[in-house]
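Two complexes come next, and they have one chain in common, chain A, joined by chain B in the first and chain C in the second.
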Partner chain A sequence: MRRVLDTVVGGLLPPLVAVVAAMLATGVLIAAFGGSPGDFLEVIFSVPNDRVLLTIINQSAMLSISGIAAAIGFRMGLFNIGVEGQYIVGSCAGAFFAGSGLVAGPLNILATLVVAAAAGAAYALIAGLLRVYRGVSEVISAIMLNYIALTMAGYLVTNYGQASGYTFTTERLPLDSQPLGFKIFADAPGDVWALSSLALILGIGYWFLIARTRFGFELRVTGESATAARASGVNVKRMTLATMALSGAVAGLVWMPAYFGSVHTFGTPENFQAGLGFLGLAVALLGRNRTLGIFFAAALFAFLSGQSNNLQSAGIAKDVIDITQGVTVLAVVVAYEVVGRRRAKTEAERVSRQLDAEREGASA
Partner chain B sequence: MRRLSTYGVAIATCGLILSACGTAADNDTDDTEAAPECDPVQIEGDAKVSLAYDVGGRGDQSFNDSAYAGLEKAVAQFGLTDVSEGEAGQDESEDIREERLRNFADSGHNVIVGVGFAYSEAVDTVAPEYPNVAFAVIDGFDPTEDDVNCNVAYLGFAENEGSFLVGAAAALQSETGTIGFVGGVNNTLIQKFEAGYAAGAEAVDPDIEILSTYIEESDPAGFGDPAGGQAAAEGQYGDGADIVFHAAGFSGTGVFDAAVAADKLAIGVDSDQFLTAGPEQAQHIITSMLKRVDTATFGFIESVVNGEPDQGFTTFTLADEGVGYSVSGGFLTPETIAQLEDYKAQIISGDIEVPTEP
Partner chain C sequence: MSPQVSAEVMRARTFRYTWWLAALAVIVVISSVRLYTGADRITAPGTLRAATIGACPILLAGLGGLWAERAGIVNIGLEGQMLLGTWGAAFFAYHYGPLVGVLGAAAMGLLGGLLHAIATVSFGVDHIISGVAINIVGLGAVGFLAKTTFDDLEGGGPRNLSGYSTPPEFTVPLIADGARSLADRHWFIISDVAGAIAGVTTRLSVLTVLAFVLVAVTAWVLWRTSFGLRLRSCGENPQAAETLGINVYRYKYVAVLISGAFAGLGGAYLAMVASSSFTVGQTGGRGYIGLAAMIFGNWRPSGVLTGSLMFGYTDGISLLSNSGTLVHALLLLVAILLAVFAVIKVRAAERTTGLVIAGLSLGAFVWFFSSDTVNASFTGMTPYVVTLFVLAVFSQRLRMPAADGKPYRRGGAG
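Let's turn to the complex of A and B:
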């Protein structure tokens, strides 16, 4: 009973508090600039129409994958801020490969997933190798690599893609490689993209890997204490490289649902959604690196973004969504810290009480 | 047992993907048919206009504001009562853009203008769903050219022609014989500015040296990066240029800052930037290449009000005042202006053909 209560208080309360705090902060801000917080809350909590629901589901899926990519790094104490860059490189490589039609039909989808994941992993390994063999902080190198990725993708598409309007894109995905989505609303245009189901598969895979495999155990141990891990025979260098590669591979897959589901080509900025990689870091933080938490956080972020058009109709700048999302992440970090300290304190008190009782028992 | 159930779940989810293994080719119905003849779009009731802005929205003192000026003029002239506006966010997904347009249409708006070529794909997707709504995309293109939407107008500009004139102005007034061009993003649209600018300058002085820099290769951040604009312009001033033309949106303010710092000159873009820039910057802006987004927006709304909505591609040129140059501030000498008017007449008459690619 106590444990259940602990889980509820420790696990669920902080995000809830964070969301409420974020809503309040946003409301105060809107009021400060002469808007109506009431309108904001009304729009935010209105039920989205079917089309927006589809968008929310698909965006949740991509955000979840991005969150998983970030969480893999976080669990071992690596701050892979390069998820964004790996996401760009994976998307670009995947789209070039898929559009070339080297593999025909549905098999093209599987092959493209492999290419995208491999490209993301390879790109992540640059930061990993720099860290392991040259001691370069993966945060610094990955930030730089993010910029390089975007510029490089632009260069490749401009020089090896085809003109489309004023921009360039990769060749379009052949029709026979375009999977049909799940048509859950008959009347609404659009569907749940076939590869959005990747999020479920990767989510379960992530949970299994972390909780049920030796690799996952070593990864967590290294995350808790690299020294302890080394002492107990874990090859920390190899773990770092493997974790970066895995994180990058998942990051490389983030955009695949959108690519195969609706966009069918790649080119910045119109035919790509930059920024999903960065959002993944926030999603992982908010979701505490747990599969369910990540799904929840991704859904929340997607939901907020999905409501942004309605906010504009109500005369509220859509940028407030960014504020809400930002404050949510900030608040959740603070909330977990508070809960963590409280728990440590109660634990310490419980132990000292128990010790006191034992001492009294001994002296009696 | 527990392990078994885990695998069960894994297999079930793999099935999810497989169930979607049919592909679009299986139910591909729209084989190559001849493009249908287009009848004018019939909108229902009075014109209710919606403007969907590009990133930056109203208040950018440039592109989006210009579209709004066109809307204002239409509101005043035709007594429009129901207008609405929306704005794109940074890094938003295509779905959200489409949803913005559908929202407008669902709330009864029957004239929808996407401001900026980023709306091309979204309009192409949404337009068929609302055959009685007249759509327009400023700077737009049709991503599916063999499948024409009759209710979409693509409003383009002959930026190369306007740029030709400011290029000529730069060459006429340059003292060093070196001029510069700063583009926001290296795409074919901005290359059109560069091509016209270079052609105009070379028409005046075949030996002129033209420095060209793009802030970003493909990242749209190049249009919102004043520091990048400043660095690019500083480099060109350092290399001897005394006049720099920018086609870089908001990054242009950085170009103007560089002009102030180096005490050199600059040329603005889209709207008359002598009027919108700060007082210190304005003293260095000798002219601006005007791209009359307001004219295009107003013209489209007018065509709808008159019962014959524009369709297909319309290019606004020098001939119909869709592009031009500004003379505010009095920096252009009367001789320069006379020369520019001469070029203008030659372009309109077709004697000069301005290239669109550098």
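Let's turn to the complex of A and C:
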């Protein structure tokens, strides 16, 4: 009973409190500038129509993949802020490969996924190698690499892509490589993307890897304490490289559902959705790096973004939802910190009470 | 004076002397490259004016980063705080004039800093997480605020505003004209230095002066006052600072608030000097470049200045027309400097690193001689590539504050 209560208070309450606090903060801000917080809440909590539901499902799939990529790093104590850059590189490489039609038919999809993952992994390895061999913080190098990725992708597409109107894109995905989607919503323009299912596969794979394999165990141990891991024979350098590569490989796949599902070409900024990497970090934090948590967090963020499209009609800028999302992240980490401190304090008190009791028992 | 002290003083003098010599050598190389390639625009007054304008926002963000990190708080939220500054500058300048605009921008940045301070100092949240969240909030807030407050204004739209007054500009009499006529002669070294002087003294904004003054102020406060010493001690060893009776929380708060305000000023510069109008997302990653300049500058004001000028130059020239040939000439400069680095590294018995750099140098030479122009998109990448390079090659010589980014709790020592 106590444990159940602990799980509820420690695990579920913080995200809930965070979301409520974020809604509150957003409402206050809207009210402060003469808007109506009531309208905001009404739009956000209205029943989504088929079109919005479809967006929510597809977006939450991509956010989940991005969240898993970030979580792999987090579990080992690596802050892979480079998810953003890695998925740009993965998307660019994947789109170039798929569009070239080197492999024909459905097999092209599988080959492209491999290429995208490999590109993401290779790009993440730059930060990993710099950390392992030159002692450079992976956060700083990854920030630099994010911008380099964006510029390089732009350069490659303008110089080796093709013009379409005023912008440049990669060659279109051949028709015989375009998978059919799942027609779930009758009134929505489009399908649930076939590769949105990738999120489920990767989610289960992530859970299995972390909870059921030796690699996952070593990864968690290194995350808890690198010194303890080293003492018990874990090669921390190799683990760092492997984790970065794995995180980057998953990051490389983030945009693939959209590519194969509806966009079929890559070009910044029109034919690409930037920003999923940073949101992935937020999703992983909100979901506490657990598979189910990440799915819920991704769904929540996708829900907020999807519903925010209707805010324009209520006269509120849809950007306001970024504030809600950002404050949610901030509030949830604060809440976890507070719960953690509270727990440590109760624990310390319990131990000292027990010690006192024992001492009294001994002297009596 | 004991002999030991005098030896130290001597070493410090030699050190300073070496740096002046290195700076002179760089100018000689630049001038030679200019004469060899015939790309006189490298040091033309117009180019260097653009470079100065490009450097200032980066400089202000970098100084902001320096303040926070010297107190042990990593501030990735600079980008978001800068964004808030752009809106603050536009809003307050439109309604109350340029002075209030600048103050408003600083206040908005400070607000972002406050958020970061509450999360990281009071609640001990991971600094990077808080920074990422603040950047998300900052972008959203600016988009929301622009739509709410600018849409109905004359000269405004849902995502932009123009028609507010900006801080005054002035041209230094005599010096500006004299330097410009010298620069137009294209003489060896003299014209390059004159170009720099003309670039800085022509249509100089008050905010530019403020930015450079703040470098000196930062250096003086952080390294020459007891307040600065205490603040830096919070970044080096907060537990030790605490035992000396320093209120570490308060110093960290002050540092992060100043950091945010500086970033806000950087935003003001973008919305008032670099451009005379506001658009959502005007910073374009300059907060991160500021962070890069700070790391490049080894967490020191003079280093931040050097880094900002260099990155500002690449930022400034990317806005010039036909910058392809200009960048191509700079490629030769990069190749030569890399070759020098390679020699230094090999002589310092770091053979592998030296050889890698020599390879890069050779690559740059081959690129220079086998092409006539360089794609402009590569210039935008320069700050990031240079910072990565510096991190990779000189990471052992960079020294950040010892407790930078580490969580600190009062009474947490032993």
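Basically, the second predicted complex is superposed on the first by the 355 of 364 C-alpha atoms of A that agree within 3 Å, B and C clash if a C-alpha of one lies under 4 Å from a C-alpha of the other, contacts with A are read in each partner's own complex, and residues count from 1 in each chain.
Note that in this section a residue touches a chain if its C-beta (ideal position, glycine included) is under 8 Å from a C-beta of that chain, and two chains touch if they have at least 3 such contacts.
Worth saying up front: this structure is predicted, and the values here are computed from it rather than measured.
Colleague: After the chain A overlay, clash or fit between chain B and chain C?
Modeller: Clash.
Colleague: Regarding the shared-chain residue A:D319, is it in contact with chain B (first), chain C (second), both, or neither?
Modeller: A:D319: touches chain B and chain C.
Colleague: A:R51 contacts which: chain B (first), chain C (second), both, neither?
Modeller: After superposing on A, A:R51 lies in contact with chain B but is clear of chain C.
Colleague: Between chain B (first) and chain C (second), which does A:G216 come into contact with in this model arrangement: first, second, both, or neither?
Modeller: In the superposition, A:G216 contacts neither chain B nor chain C.
Colleague: Is A:L200 touching anything from chain B or chain C once the two structures are fitted on A? First, second, both or neither.
Modeller: A:L200 contacts chain B only, not chain C.
Colleague: First (chain B), second (chain C), both or neither: which does A:G27 touch?
Modeller: neither
Colleague: Please work out whether A:G154 is in contact with chain B alone, chain C alone, both, or neither, and reply first, second, both or neither.
Modeller: both
Colleague: After lining up the shared chain so the two structures overlap, which partner does A:A282 touch, if you call chain B first and chain C second: first, second, both or neither?
Modeller: Only chain C; A:A282 stays clear of chain B.
Colleague: By the touch definition at the top of the document, which applies to A:M144: first (chain B), second (chain C), both, or neither?
Modeller: Only chain C; A:M144 stays clear of chain B.
Colleague: Just chain B (first), just chain C (second), both, or neither: which does A:A163 touch?
Modeller: first
Colleague: Can you tell which stretch of chain C collides with chain B among 3-11, 39-47 or 327-335?
Modeller: None of the options clash except 39-47.
Colleague: Hey, what residues of chain A end up touching chain B and chain C alike?
Modeller: 151, 154-155, 158, 317, 319, 321
Colleague: Report the residues of chain C in contact with chain A in the complex, numbered from low to high.
Modeller: 76, 115, 119, 123-126, 128-130, 132-149, 158, 280, 285, 288, 291-292, 295, 375, 377-378, 380-381, 384-385, 387-388, 391-392, 395-396
Colleague: Help me check something: in the complex, which residues belonging to chain A touch chain C?
Modeller: 29, 33-35, 79, 81, 130, 134-136, 139-141, 143-145, 147-148, 151-152, 154-155, 158-159, 278-279, 281-282, 285, 316-317, 319-327, 329-330, 333-334, 337-338
Colleague: Could you pull out which chain B residues touch chain A in their complex?
Modeller: 6, 9-10, 13-14, 16-17, 20-28, 84-87, 89-96, 99-100, 102-103, 107, 117-118, 120-121, 125, 129, 139-141, 143, 186-189, 216-220
Colleague: Under the touch definition given earlier, write down the residues of chain A that touch chain B in their complex.
Modeller: Of all residues in chain A, those touching chain B are 51-52, 54-55, 58-59, 105-106, 150-151, 153-155, 157-158, 163-168, 174-182, 189-190, 194-195, 197-198, 200-201, 204-205, 208, 212, 258, 262-263, 267-271, 273-276, 305-306, 308-310, 312-313, 317-319, 321.
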